Amino acid sequence: MTYQHILDACGLSAAETTGGTLSVTTPVDGSEIARVPMHSVADAEAAIARGVDAFDAWRKVPAPRRGALVRLLGDELRREKANLGRLVSLECGKIYQEGLGEVQEMIDICDFAVGLSRQLYGLTIASERPGHSMRETWHPLGVCGIITAFNFPAAPWCWNAALALVCGDPVIAKPSEKTPLTQLAIQKICDRAMAAFGDDAPEGLIQTLIGERDLGAALTASRDVALVSATGSVPMGKAVTADMAKRLGKTILELGGNNAMIVAPSADLEMAVRAIVFSAVGTAGQRCTSLRRLIVHEDIYDDLIPRLVKVYEGLSIGSPLEDGTLVGPLIDADAMTAMNTALEQAKAEGGTVHGGGRALAEQYPDAAYVSPAIAEMPEQSAIVHTETFAPILYVMKYTELDAAIAMQNAVPQGLSSCIFSTDVRETEHFLSAQGSDCGIANVNIGPSGAEIGGAFGGEKETGGGRESGSDAWRAYMRRQTSTVNYSRALPLAQGISFEI
Amino acid sequence: MTYQHILDACGLSAAETTGGTLSVTTPVDGSEIARVPMHSVADAEAAIARGVDAFDAWRKVPAPRRGALVRLLGDELRREKANLGRLVSLECGKIYQEGLGEVQEMIDICDFAVGLSRQLYGLTIASERPGHSMRETWHPLGVCGIITAFNFPAAPWCWNAALALVCGDPVIAKPSEKTPLTQLAIQKICDRAMAAFGDDAPEGLIQTLIGERDLGAALTASRDVALVSATGSVPMGKAVTADMAKRLGKTILELGGNNAMIVAPSADLEMAVRAIVFSAVGTAGQRCTSLRRLIVHEDIYDDLIPRLVKVYEGLSIGSPLEDGTLVGPLIDADAMTAMNTALEQAKAEGGTVHGGGRALAEQYPDAAYVSPAIAEMPEQSAIVHTETFAPILYVMKYTELDAAIAMQNAVPQGLSSCIFSTDVRETEHFLSAQGSDCGIANVNIGPSGAEIGGAFGGEKETGGGRESGSDAWRAYMRRQTSTVNYSRALPLAQGISFEI
Amino acid sequence: MTYQHILDACGLSAAETTGGTLSVTTPVDGSEIARVPMHSVADAEAAIARGVDAFDAWRKVPAPRRGALVRLLGDELRREKANLGRLVSLECGKIYQEGLGEVQEMIDICDFAVGLSRQLYGLTIASERPGHSMRETWHPLGVCGIITAFNFPAAPWCWNAALALVCGDPVIAKPSEKTPLTQLAIQKICDRAMAAFGDDAPEGLIQTLIGERDLGAALTASRDVALVSATGSVPMGKAVTADMAKRLGKTILELGGNNAMIVAPSADLEMAVRAIVFSAVGTAGQRCTSLRRLIVHEDIYDDLIPRLVKVYEGLSIGSPLEDGTLVGPLIDADAMTAMNTALEQAKAEGGTVHGGGRALAEQYPDAAYVSPAIAEMPEQSAIVHTETFAPILYVMKYTELDAAIAMQNAVPQGLSSCIFSTDVRETEHFLSAQGSDCGIANVNIGPSGAEIGGAFGGEKETGGGRESGSDAWRAYMRRQTSTVNYSRALPLAQGISFEI
Amino acid sequence: MTYQHILDACGLSAAETTGGTLSVTTPVDGSEIARVPMHSVADAEAAIARGVDAFDAWRKVPAPRRGALVRLLGDELRREKANLGRLVSLECGKIYQEGLGEVQEMIDICDFAVGLSRQLYGLTIASERPGHSMRETWHPLGVCGIITAFNFPAAPWCWNAALALVCGDPVIAKPSEKTPLTQLAIQKICDRAMAAFGDDAPEGLIQTLIGERDLGAALTASRDVALVSATGSVPMGKAVTADMAKRLGKTILELGGNNAMIVAPSADLEMAVRAIVFSAVGTAGQRCTSLRRLIVHEDIYDDLIPRLVKVYEGLSIGSPLEDGTLVGPLIDADAMTAMNTALEQAKAEGGTVHGGGRALAEQYPDAAYVSPAIAEMPEQSAIVHTETFAPILYVMKYTELDAAIAMQNAVPQGLSSCIFSTDVRETEHFLSAQGSDCGIANVNIGPSGAEIGGAFGGEKETGGGRESGSDAWRAYMRRQTSTVNYSRALPLAQGISFEI
């Protein structure tokens, strides 16, 4: 299947993929696969204006009916799973299996959102005043901007959009300028779903903006964008927050992670090895939930690390589109440089590095394939506190569990974490108030690969946002507390007396 | 009862109330009632450090045991209700009845928080993988800074503190520099409760910082303050948010309101008049939930407004400590100036003003008593969009309900709102997605005087925070999503295949 | 379309519909449309045994995967909506529009259940003991027997089954012996969904028992049937409860209703008339939620009742399969007799009857078509307290709302109720603790036609069960409260000291 | 302190404790401590009638105000803790520490209920129809009968009553005829709380009926008793259910338990021994949650059992009122006989019995002191399936965990269960859908001694009721699903078309 076939299968037309000013290269071999027209800030403002009109109509559509649109969207995604999964793989370089996984997450969240569309539960509440009823209701919020990153060009948009749509909010996507094609393909899928849905879906309900940072800035600047949900780096997140602070707008932030696994003496090492490898080298270490730090009990260190090193040596690196590949390329040469720099620093800080370095340079001179690296560190030094978006796994020893947890919590990010242990005293302690300080804390599975049923997101510099399952939907709505006095008296709360 | 008696009754010692650099004057007559020592930024940093240590201990104390401290605090507040209520009245100028109301709210939230201490519910969630269990847990967050405003020197601290304490968080209060005494008195009550509670309450669990803006800035600047809950003006809120954005810290913002009432033709005007007067002139119009805008159906306008004007003319203005007074003084001369300026602008914009102007100038030459004002406006002009912290009620006419709602929603703030109507079609429409855009929307009661059982807070420039009842407690905790794999297999979510 | 075509379209084979001992006649014209083989008690016991085996497998299938089966079931139902809707109409005599409505409800509950399959939320709970974590989890319950009634041969099965299936429970249907064909057709749809789903669906997961009361008795008698959900009459419900009491088994009861509407002076009479007619004569008055009592304010009585009588006179009575028909036949001659008897008693108790009597006798000599009746009663006499499953509407006057509510609450059943009023004081009072005592209480809509998002069921002799939306799913699971001690100490709750 | 002093301290007057027909003997020494007047069935009916009147008033009192009464009740209980705890010990024979524990539970549930009084949350729900709002509300239910057992004469009443009272329901207690004094003392405490509360507490809100089974029957027979909550034996529970089935009344059943502990090879045996002993001999084995079965892995059996036998031999048996006693008397001679009979049967079924037999016969010739017994059984034979209310611990071996779980689940009751293991794979499996089938399942703590924050109750023949924490309060309310149409159209659910 040629690259063009992959684009064609997603229905991307020549008008959309040629003649534009944004060059899209595939990390598979570094070749240009499209030149996409870019939107201007004026386009963004027009899109926001259409979104505002769409909101006025969409909020009036009953939520279960809104859910019907999301159901159709899920059905379209089921049909297009292979095509879209392949495009994800081509455009961002993750292996096809993971591309399919992204689409499956989109499908799952659609199913979940359909169920929500008959819930969106608020509360009725006991009132202290006779003849009064009190309730809390969740109402549609407004236009939602969704800024996503290159490493997950599909699923995070859908986590946000599926919920926002049932909640009554129009959505405007701003994908990474490195991966616009996937979003264009998704927009087509949405357009089909909306056509099948009929007139209740107003124009401007689901939109896509292709381009660079100025478009994101247009979203954060506009009072007409009620919520900006942004996935990306910590500096990006701080910039978005600072912008939104000026107008007290709402945000959902999904920023970096510096995720660790603690491996305790009682761990099933066979399982731990599998979990480590998938979470450290999957997506070539470019997941926000990628495993970056391994904190191993001293008693098993000499057993575990050599096994790991051995597995790393045997990992199949290659085109993500080919069966059997486990490690695809980094997104671009800058990422490779950053990885090399980090490994150099690791060595300078006393680390011993296994693996690392460019791979397949002859076969793919314009791509950024690397060998995943393991860096044994004498302590959790400066470089270990830094998130490098590449397959580097820093390894440290520990003696006491509380010290290991302190090490796990010592970084500024707070996204994901896990422990491998079969001792319930250790595992529950890790999950307790005195354990991991991350938004995600797992036992006997790696830090990546969350199910959509749970709330996804992290603490501290990860930004505090939550997406996907549980009650993450609330972020896309506004809360209203109401008291109805149906009596003929007017008692004041707290028993205050005020007689005019 | 002399002012000194009021201070003495609250146990405030000479060391605390004399010899300091912060002059505290009572709005009752403008006299100085204390000179309070101020804390430095270094003091604030030391307090934060103590708070961090306290957090380490307090988060380990089981929540129901933490609730036991809050129960003791509630009991102390019951005992001190009259004393503390009187001090509130003296220091911020609200009438004694409202001072008592503040303390009652403190008591109510303590009762509520005690109940929560055996809840703090997270979720168990169905997992898609065999042999996996998923759950969501809420854990203590860290040190909470609580910045409060002069107009509610007591209750908002307690809304925050009672919840934060059961949630496992130490609290550091930074009251308004205009009303430090109330917080000092509260600190004493807390100290007694902690003494009764015993050793489980660590040093530094409940602290107070007296001083100016630099202390608030110390709280927002420190990474060791996990949450800053701030009540005050919109500009203050934007400043806090911008500071916190630099470190991606959490905030709860309770900022301004520009609250309206719509009076429909079917309204019970007798009740409406009572509600209007209490919510417009209570606390001399200095509540964030004070009624500032009245949107009256044209058919009843000529019936309602003259009745209102008449009631206004008869309102008893005077010392808030005296029985029978309904309108106390403004907080200071600046507030009186701001009121006069606003009324001038209202006239310039075509308004007709009833009332307004200084009152009791001879009796209280150094205080800021005013006559509450009603300003009939030809339309919702510029001044009406501005929150002036004074008893000014702007009055406008409407013809169609949807136009009235649009008028209600046209201001930048989104705190509180209400409709007086007996028509369920109107009242439910007002509470619907197409109705009020405020965090609080009431029917047949005024916009002020919320019960503690509901979540309190507002949308748009009001800042989006929620305090008090419902699940506002979650803001004082961190959410953790956990998956425990208790099987011997390692399936990946979304059915991804990755075989090493 | 012949009757045979309708059966054929649902895939019912000759083996299933001929040669059996159970004669199925259509109420459309009283002709026999099938002779269905009946199951024996031994068959029922074998089905239960298969169900127990199926439970052992199904409870191990993760809930979201179980949801995938229900999704497929929903898709099949979408495809078969017209066919199944027509069969419902043919077999139980409700008009085709209502037949379609039943299938739509099945589809809706499937969508809802799919969403639930990633929720099934329990709680994590704050523990009073250090080093302890507490949670509440919902687990699959076991085999569920579902006994349904002739008037809703399709939807109630699915309310139960869709939830039971995602909750991990096999289901065994026992439809009314008057309407077995619909259930047989549903079973076919389920079989197709299970085939599409694959091996995870164990044999015996969804089963149907065709026959009489002895089969229901087999379900209630068996300790292997964890839950019996029964829809039907009050005497049936009491019998089921008494049987289940012997083994302390769980039940969901959806029994009779004697549903009223209060029409207040402020009501929109145009809307009220439409609501009254649909809810009183829809399904020929054979819904459990049919409107049976109309309590009208004296001031509008003389306006409303003549309008109603007039509309009744113009209702199109006829074959439910024909477009334009609004009133189809009663289920059988017994039902017609019961109606006549009730009307006679109504007259004897002082009532004035409009309408009533057999209709279309010449055209359909073997069917039970009747003219819907309105009985103006001098008071709420004995017959009005009785549920007669026929289109009789008893009409009474009231003066004070509280007296009307008392009248509404005076019957032994507590299913559904409503008020037509535009006065929010009346409507909220009706919905308050002092208002309707029914499980369903509506404002400005009739008592019938619930959405699937709310919990469906009633109080008092209606049996107290809840099905469909909200958290009705819990009835199909067992609740488990767990405390995990992960410390090395063993503190007792309530601070008890017990030192061995 | 003489027995009379204990009665006096609780304020029981001579009129209440002498001259009656019900002889109350203390199990401490078998002496008569009171002759209490008994109520007749006519008295019960009068009490119910008063309860009905009280309900009419109490349901109108806002829930937070109802909570204020429960707060006062909790305060009274705090004051009377020692006195009431001693009376519990005297009357039912449990050691004083456990008597105090019962009162502490009463206090805890009062605190919890006060918090609930501002919650009693229902839901607002997304409606499928435009211009419609849907909600679910919980309303007061009616008079609640509370039938309790001799072994917990105090706490279960309060679990029920504290919740029922905030839920808006009057309560009528029917304590065991063996332990009426504790309830009489509680009634006095309630009377004081009601007096402090003032006029809002109607006459008949909290009542006590002293006597035998006929009084319980009067409660189950009356349609005016909306809910009967009954704690006791399985046969009692079946009788109550059968009675209630006749009128489809609501029940909460807390019946027998046959609770097991599984001890896995990885268990901390030191902790296990302490847990076993407290839960098997606490309250002399007369808790519904007493440990009755010990299922021990074969690898540790020979380590654990001798240690246990040794601890049993050293247990201090004696007057429950004396410090240091761990095992008090059985309730009466019948209980001792039942214990002996069971041990004989155990031997006949191949068991080896350690301990057992009468103790302190000379010192207390009229009391029923026994030595706790351990019966090592070759398999889980017939007697092990039977709940004998005495300190008998049956011990069995297991090899595979799933077999141990099957053994645990093989009894007809389903109240409480636990595992001692430090292996998270085992502990989570035990808590999963494939684990314990009990309402309570613990890890590393015994089966008894639940915290009030969780829902308390069990499955299968334990009756399925839930009391105390979580949302057990819902059983004391009725659920109402409401849809308000505030539009001017009348759309039908499921898109049904019906045009008159």
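As written, the chain order gives the labels A, B, C and D, with residue 1 at the start of each chain.
Following the convention adopted for this analysis, a residue touches a chain if its C-beta (ideal position, glycine included) is under 8 Å from a C-beta of that chain, and two chains touch if they have at least 3 such contacts.
From a predicted model like this one, the values you see are computed outputs, not experimental measurements.
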Set of chains adjacent to chain C and to chain D: A, B
Farthest chain (mean CA position) relative to chain B: C
Chain B-chain C separation of Cα centroids, rounded to whole Å: 48
Separation of chain A from chain C, taking each centre as the mean of its C-alpha atoms, in whole Å: 43
Chain D residues counted as touching two or more neighbouring chains: 60, 64, 108, 118-119, 123, 125-129, 132-133, 136-137, 424-425, 427-428, 431-432, 443-444, 451-453, 469, 484, 486, 488
Chain B contact footprint on chain C (complex, rising order): 60-65, 117-130, 132-133, 135-138, 421-425, 427-428, 443-444
Complex contact set, residues of chain B against chain A: 59-60, 97-98, 100-102, 104-105, 108, 123, 125-129, 132, 134, 136-137, 139-140, 168, 234, 237-238, 241-242, 244-248, 250, 253, 255, 268, 271, 273-275, 277-278, 282, 311, 314-315, 326, 427, 431-434, 436-445, 449-451, 453-456, 459-461, 463-464, 466, 469-470, 478-486, 488, 490, 492-498, 500
Interface residues, chain B side, partner chain D - complex: 64, 67, 71, 108, 111-116, 118-119, 131, 133, 424-425, 427-429, 431-432, 451-453, 469, 484, 486-488
